[in-house]
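Look at the two complexes coming up: chain A is in both, with chain B in one and chain C in the other.
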Partner chain A sequence: MYKFDPFAIPFLIGFAFVIGWVIVRMIQIFIGMPKKDKKRVFVNIFTFKTVRGIGEIISEVLIHHRIWRENKLLGFMHMSFALGWFLLIVTGWIESSLRANGETLPIWQHIFYKYFFPGEHVFRLSDVIKQLMDLWLAVILLGQLIAVLKRFFYRRAGIKIRTRHSRMNRIALTALWFIFPLRLLAESCTASLYGGGGFLTGSLGQLIAWIGDASFITYPMWWAYSIALGVFFCVLPFSRYLHIPVEAFLILARRWRVSDITTINRLETMACSACGMCLSDCPLARNNIAGVQPVYFIERLRDGKATTDDAWKCLQCGRCQQICPVRVHANNLRQELKGSTDRVEFGLDTHKRVLAKRVTLFSGCMGKLTPRTKAAMEKILNAAGVEQTWIDEERDLCCGRPLRFNGNQNTANQKFNELHDAILETRPDAIVTTCPICFNMMKNRFETIPVYHHTDYIRMLIEAKRIDLERSEETLTYHDPCELSRQAEYARQPLKVLNRVGTMLQPEETGEKTRCCGGAVAAIGLNNSERKTLAQETADYLSNRNADKIVTACPLCKKTIAQRSKRPVADFAEIVADALVERE
Partner chain B sequence: MKELNDAVIIGGGIAGLQCANILARRGRKVVVVERADTIGGHVAQWHTCYPFGLTGKELVDKLTTHLELAEIITNAEVDNIERERDKYAVTVNGKRHDTRTVLIATGYNLFDAHIKEELGYGVYPRVITSVELENAWNNNTMPFDTSDTDAPRFAIVHCVGSRDLKCNVTHCSKVCCMAGIKAAKELKQHYPTCQVTNYYMDLRMFDTSYEELYHNAQTEFNVQFVRGRISEISLGNKGRLKLKSEDTLLGIPIVDRVHGVVLMIGMQPPATIKVDNEDLAKNQNGFLLQSDPINANLTEHPGIFIAGACKGPKTITETLADAKAVALAIDEYVTK
Partner chain C sequence: MKQFGYTTLTKKSVNIYETDTSLWKELSAANPEFKGCLSCGACTAACPINNSGTTLNNRRTIIELNRGMAITSDAANCQMCNRCSLVCPKGLNTRRIFFELIRKRTEEKQ
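And then the complex of A and B:
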């Protein structure tokens, strides 16, 4: 039953090319990995981690669950393409294999089954399968219809800012958009001549047969379909569709605990799908300040054309990372460009939590600019009977993080070590800092001693009934600092405490969706007026709730917002200190 | 037919008063609208003004010789001007004033020192602003309690809320260098045993008499000048304040312990005025924009003029000259 037809050649070339390209690239990446990580791959590959990885591949690469969560319509669109196409291939393969009845077929006879086996064939399940095949095709075409309409009515689709795609991406997109309508036409024309086909291709085939004789276009249609496939595959490695194969590898690498930052960075660079979701809530995009959002930045990075703006204008506020369905850590990519790494973990310190009798506190360079916060902390800790040492009261110490943000790794490490040793000398039971930027740098880096952000520590004191608070009539708007809500993933709890002392008036974008205050230390490439614009926007956004006070938990946020807002700004600690009830 | 004024002047500071006084003397029909309950603007609060050494009150009085000929409305704020072909209408307390021209002389707002929290304003009572210092002299009170020492030390911090990228402010407020030297001398006069240090970025002694006042402060009053920005003020022992800075001439970090700090707060743009509900054009620092390179008082709206510190920081001398120029411009416009 072996048959060949030259129209399959474009497809075969493209297919061989893309498979070869991906294999070569993945092998290159594997070779480039440090020994430790290679070992991890071998240790983990035959464990449950791989199973979970495959689960995640299904939910993200095929179903696009994270996109669904942000935007239902876009979720359906991406799923219809990915899952639809996947099912079409799998079902098609089953169909052709059943038809071949035990014989092995070459790949093109599976792919172009309807061409090589035209007409009605009866075998086990053939009726169900042919309808299924048409169903999947219909689903894809519906997705495509949405994709086309989305171009014109993007606001209706919930897209705030449209992505401008590169030439390569547009070529790939055009090829992709041709594939399925051509397939529909090719199969329907064949059905018009030989019969067969399901509710879609079969019916369309009958319609074509009723109109006239389609024999002269049927063969060219199959050629066109194959060419569309071939072109798509050939440009795939140079377009955003590279994410389709690479995202799967990225998911597995993460599951296998590959920790080498260069490896992950390379994979993430290729795994970005240019979906553009990172554009919608970026303050730089909203204010037309710079087009350095991951969707553009990563494209330039792939082409080796990243700009200084890409490195120095981004606030590294992490809003885009948080929304990204592929979990591309654009901040790590930018750090790489800056020549330093800033790999701080997500979440809080993982040591055993203790209330501690003796704490050592660290204001940090920014915290020193907000003495009211320190005074409030002193009041709270005194009330709770906690013995306190402020480590940088006399000495100037630095956690080193701002230096990292600015590409100065060595000095940063040196600074951190100085701080580390100075703190250890005080022999504390716990370490508390009032700055979320320092907090992320310090957490999990003090052997056995837990590190807290002051919002967390104060909450512990309240829960342990070491301090009592009194409610006031005040209305408050809490601004989540990016470093606390997104990097430390500590977002709901401060609100709970504040809810006990005042009435909260939260803006829409709050918690891990918080807006950047505009003060970010990473963005040294922004000029003064750009900074002003950003700070003003956020200050207005928060002031618009008309609360008596704006509350935040980061000295940098506090300073930045206070300069521009119509409402007074206070630190979380100040609010708690004001609400303290004296005990006899 | 409603009566038509020649000019409505928004802002009764020295700029507005100078212009009103001149126009009234020339028989023009003028209305002055002032937000506060008294006229004179900021200058009325200053104890003594350089370079002539007059008190603010004396200075303001010199500008009111013909003002009984003008209508003065206090406690009234204007935020919008309506345009009607070749005239304007300004509504004050529900009453409409039609006018040929409008002068905007809304001056400046003072920088809120709370924003520079690191300088301890609002945290430590011994940190005060230049305005509070003027007020203390006006009320014959001593700004700092020095009962705990025989040799008090004071620091005067320049450029607070000016030339500070950390506050997104790029402009120089122009008057505070001189006002800072004035403050240093006054402290010396009131606390003869004290030592005063001025912390500056650079000293902008641009007028003929200023350089002399600066030398005089050093030679006669022994005021110290340190080139360096204060990075942080905290509570030291014995209730003193601890200032951290760097002497950028010597290149060494320094710590100073003092009994009182005066912050020379800068000038910020005034609140927005709208014409037909649209903001008047502003320059990059938020002050009102002069639309013509030759005529310093024109805006993009013919008949709407600007003068004084609402265009950017100005000394009293400059403000008065500018106000005189605008009086001429308005007079010509109305004659036309």
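And then the complex of A and C:
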């Protein structure tokens, strides 16, 4: 039953092109990987990790679970396209294979099954499959309807700021939007001539047959459908739809523990779907300061046209990467642009947690500007009977992170080594810093010694009952520092401690969704008034809840907010120190 | 009391016909905020690098740029910690002066 028709050519060209392109690119990336990571791929490929990876591919590439979590409507829209199309292909393949009854069919006879096998066919499950095919098509068309309406009523869809797409993306989008209505028409016209089809194409076919003779447009419809597919596939590698194949590879690479930052960066650059989720909550977008959000920045990066603003205006607050459904680490991409090739890990220090006897404390550059935090820490540690050494009391040391943010990794490393050696000289059992920026730089970098942020350490002291706290009547608003809540993924716990000493009045965007205070050590390219706007916005936002005090856990946040807010700002340690109960 | 690590400028005369203020014009055109500097010195007083005995000096650099004098600070010493901006009464992005100087130098090298 081998048949061919020239209308399938555009589809075949596009399909071959896209498959070839993706394979070549992925092989290139694989070759470019360092030996260590290649080995990891081979070691991990036949393990459970791959199975888990496939599970994640299903939940992210097809179901779009992370988008669902943020926005149900958008989640459904993305899922209807991805999962709907996938099921359409799979079910269609089953349908044509069953019909072929053991014969192997060439790919175009699977894809354009209804053209090559028009009319009613009866085989096992044919009735169910027929209806299923139409159901999937209906789901996709519904998703598409939402997509079209979303263009006009984007605010209703929960999108605060709309993405402006590049020309390539618009071409691809247009082609994509043509594919399914054309398929519907082509199949319905065929059904109007030969019968067959399910509840959608079949009924529409009957309607067309009732209106008139569709024989003259049926064949052109199939051509149009094939051309739409071909165009879509041909522009796919140069548009945002590249994320469809690449995201799957990215998920697998992560599961296989590929650690080379350049490899992951390349994959992430291609895996961004330009969905625009990162746009809505970026302070720079909200205040119309700069269009450097990942959705635009990555697009420029792909074309090799990243601007100086992309590098120097972003606060690197990480709000965008926290919300990103693909988990694109835009901060790493930006750091690469600035010439820094190592990354800062997420999470806390992974060493065994100990309530040390001797701790070395580090205020950091910013911490030197907030002496009250230091005094409060001294009070708390004295009460708990911990022996303390403040490493930068007499001299200034720097963790090097600010330099890294500003493009000088070598000097940054020197600075860090200086700090590292100075701390080791004091022979501590644990290291505590009151600055989350320093904390992220220091964690896991002191061979066997655990590093804590002071919020974490204080919490441990409280849990071990080394200090007692007393509740007061104060109302508090806690501001999560970006570096602590997002980079160190330490968001809920400080709130629990504060809940014991006062009444918390939290704003809506809190925890890992916190707003940047505007002080960020990156973003050297922002000028005076832009910084002011950002800091003012956040200060007002935090003051809105009318709490007696704003509490934060970062010296930079504290200084920045205090300069703009009418309410007093205190560090976490100050609040705890005030609530301390003396023991006899 | 901490020694601020700088002394007031020794008496110097500047011949305005011989100085070259093109760099200042360029930098202040791109960052007009620098024109608002009060020369108060808070930034320098807070700067850890200045305090550790180097010549890095924001206030002085702005003055030198403005007058077209030779720059005595080594911009590469700045650790970009942002302390200077936080203490600046005008909230100026003071470290950017050094950032721009570094950038200019790397551009010239290329």
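Criterion: the second predicted complex is superposed on the first by the 582 of 584 C-alpha atoms of A that agree within 3 Å, B and C clash if a C-alpha of one lies under 4 Å from a C-alpha of the other, contacts with A are read in each partner's own complex, and residues count from 1 in each chain.
Here is the rule we go by: a contact is a pair of C-beta atoms (placed from the backbone, for glycine too) under 8 Å apart; a residue touches a chain by one contact, two chains touch by 3 or more.
Every value quoted in this text rests on a predicted model; they were computed, and no experiment measured them.
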First (chain B), second (chain C), both or neither touched by A:38: neither
Partner chain in contact with A:524 - chain B first, chain C second, else both or neither: second
Contacts of A:286 with chain B and chain C, given as first, second, both or neither: neither
First (chain B), second (chain C), both or neither touched by A:372: first
Which of chain B and chain C A:562 touches, first, second, both or neither: first
Contacts of A:411 with chain B and chain C, given as first, second, both or neither: second
In the superposition, chain B vs chain C on chain A residues touched: C
Partner chain(s) touched by A:532 [first = chain B, second = chain C, both, neither]: both
Residues of chain A at both interfaces, chain B in one complex, chain C in the other: 368-369, 528-529, 531-532, 559, 563
Touch list for chain B against partner chain A, complex: 114-115, 117-118, 120, 122-123, 165-168, 170, 231-234, 284
In the complex, chain C residues that touch chain A: 31-33, 36, 46, 48-49, 51-52, 76, 79-83, 86-87, 90-93, 95-96, 99, 102
Residue ranges of chain A touching chain C (in the complex, touch as defined): 365-366, 368-369, 395-396, 398, 400, 402-403, 405-406, 408, 411, 415, 519, 521, 524-529, 531-532, 556, 559-560, 563
Sites on chain A touched by chain B in the complex: 368-372, 375, 393, 528-529, 531-532, 535, 558-559, 562-564
